[in-house]
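Take a look at the structure below.
Labels run A, B and C following the written order; every chain starts at residue 1.
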């Protein structure tokens, strides 16, 4: 039994149906991890992006290097790093948070590029007009640039969110109880891995196809010129 | 007329709801040089593209050297199998407004590629033929250059050589000089003129160069709204057009 | 142990990582072309099959693929050794994304090229192989470069099906010495160096496919 659900290995179908509730709970953990990780990636990515636009070469180059380093090294190793090293320095996070942090860190490297593309795509004239009107840099970003940038970056951000969802199984390695981990646990006890792993293998493509369709729909609903500000 | 090389019979071509050619009749004799003139959208380019099997048509008949374009049991938008279309294509060649040379191949390779791959010529023989044709168009010394290193006029001349290498019976020119800078137009027209005067190739030319059309054509056809309004020998059509629309068009064009 | 003692073991692991990455990238690249061409030129049935393959393979996470091949497949009678499992999983993974890159590349070849080829009466196969693909490959290279680096990162997961790659060696060392910070830092640096090498290699291949005179920087058709 896991989470109070027992399984029935009498036939493949019975087996599959009996473990669905367990995998369902794992699915929720998967989704929670992806959402938390993505939230971190969105914030951190923006931070990287703004720092790279800094006029101080020291800052922009260091940040550029850090982002490139994160981008070109595996999520698994970064995860191990956070999981094993942080406690040595007194920071003991629950496995879930460590996992979300690792996801957020890895994907912040991608989101910072998306932000950069979004900012660059806002025509130069917009920046200049806003500055000529003597708006503060903060207002320029908040009222002029960001509302115009968001519809452009939406599709890419959405795609990365879906990608992140597909990378959450890696977290199972540091004991996060996501769908894959639970499927393995069931398999460890019944020695019958085929059904649990196949179910997981089918749920993911279905989920990602639905999410991609959702992102398309959201993209079409957004005003192309930017969010209307009254 | 049984000696037409090309025969359009009541051919209708639609793009969605728009009828571009409406029960169109047209004959071309072997060796004839015909120029098609008329306003944009009048269907002249479409006639060429249909002949080149780049566009299908819905109703009517088209035959080339006695071969019908539609097969009796033909399927798909072209109502003919790819094999049948390829058989037709052996008789037709085309020179495009935007030249469409293959950018990743040298000039020589561009001219040699089709004879080798399609006609099965040996490499050496194909290269001989290619060099002769490049000499004809005045570009033999550029044979190892790449399209990006040539001017528009030079590229178009290579394109003509490339089309000739396939020895088509009919050569179609779809606004061959419209995409060229004015000073480059002459060199291309020169090549087309040589072809017209010294070869018995059947040529269909769509162009806005009226003076040139006058020089090389046996017959000029004025198109408007998918039909031939008037046609005849160039001296007749250009100097004393009969139809009012023809006169209007010629006035507006020659006034430039 | 000082950190220099970790290097030999890590280098041994890095060698395995590089071999796995190279083999899977090459095989995955080939499969990408097969599936991508099937998707673009395959006719109604084949291209739908290719589409299903692509959507499915992109949707299943790599680790799930590995575990399924390693633990579930034996129950269907096929038992693969870890290395074959790892490379198969990686190849299936790359081929799905790579097929889309191939498709994008072929779509980027201007229609006018196809028209000219048709006017010269080339067969469909010839148009694809000699006219479209050479031009498409130039467009595909940057995207393939990204996939190659991504694949390198993905190889780290083979450590979880007991292949002694760089990550595996790092884990082993950590279990013995508990010196996590230094070991994993060295590991990350190791991957970074390899990915820089891959990026450089891709740039060289890109330059080779452009071959100077054939492709000026901005021209099209």
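Heads up, the rule we're going with is that a residue touches a chain if its C-beta (ideal position, glycine included) is under 8 Å from a C-beta of that chain, and two chains touch if they have at least 3 such contacts.
As the structure is a prediction and not an experimental result, all values here were calculated from the model.
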item	value
Greatest separation from chain C - chain, by CA centre	B
Geometric centre: closest chain by C-alpha means	C
Chain pair bearing the highest count of C-beta contacts	A-C
Distance from chain B to chain A - Cα centre to Cα centre, in angstrom	56
Where chain A and chain C are represented by their mean Cα positions, the distance between them in whole Å	22
Distance from the mean Cα position of chain C to that of chain B, given in whole angstrom	45
Contacts with 2+ other chains: residues of chain B	none
Contact set on chain C toward chain B in their complex	112-113, 115-124, 126, 130-131, 134-135, 211, 213-216, 219, 221
Complex contact set, residues of chain C against chain A	55-56, 58-61, 63-65, 67-68, 71-72, 75-76, 149, 152-157, 159-160, 167, 170-171, 174, 180-181, 184-185, 187-188, 191-192, 195-196, 199
Contacting residues of chain B [partner chain C, same complex]	52-54, 82, 86, 89-90, 92-94, 96, 98, 100-105, 113-114, 117-118, 145-146, 148-149, 159, 162-163, 166
Complex interface listing, chain A residues touching chain C	69, 72-78, 80-81, 84-85, 88, 166-170, 172-173, 180, 183-184, 187, 192-194, 197-198, 200-201, 204-209
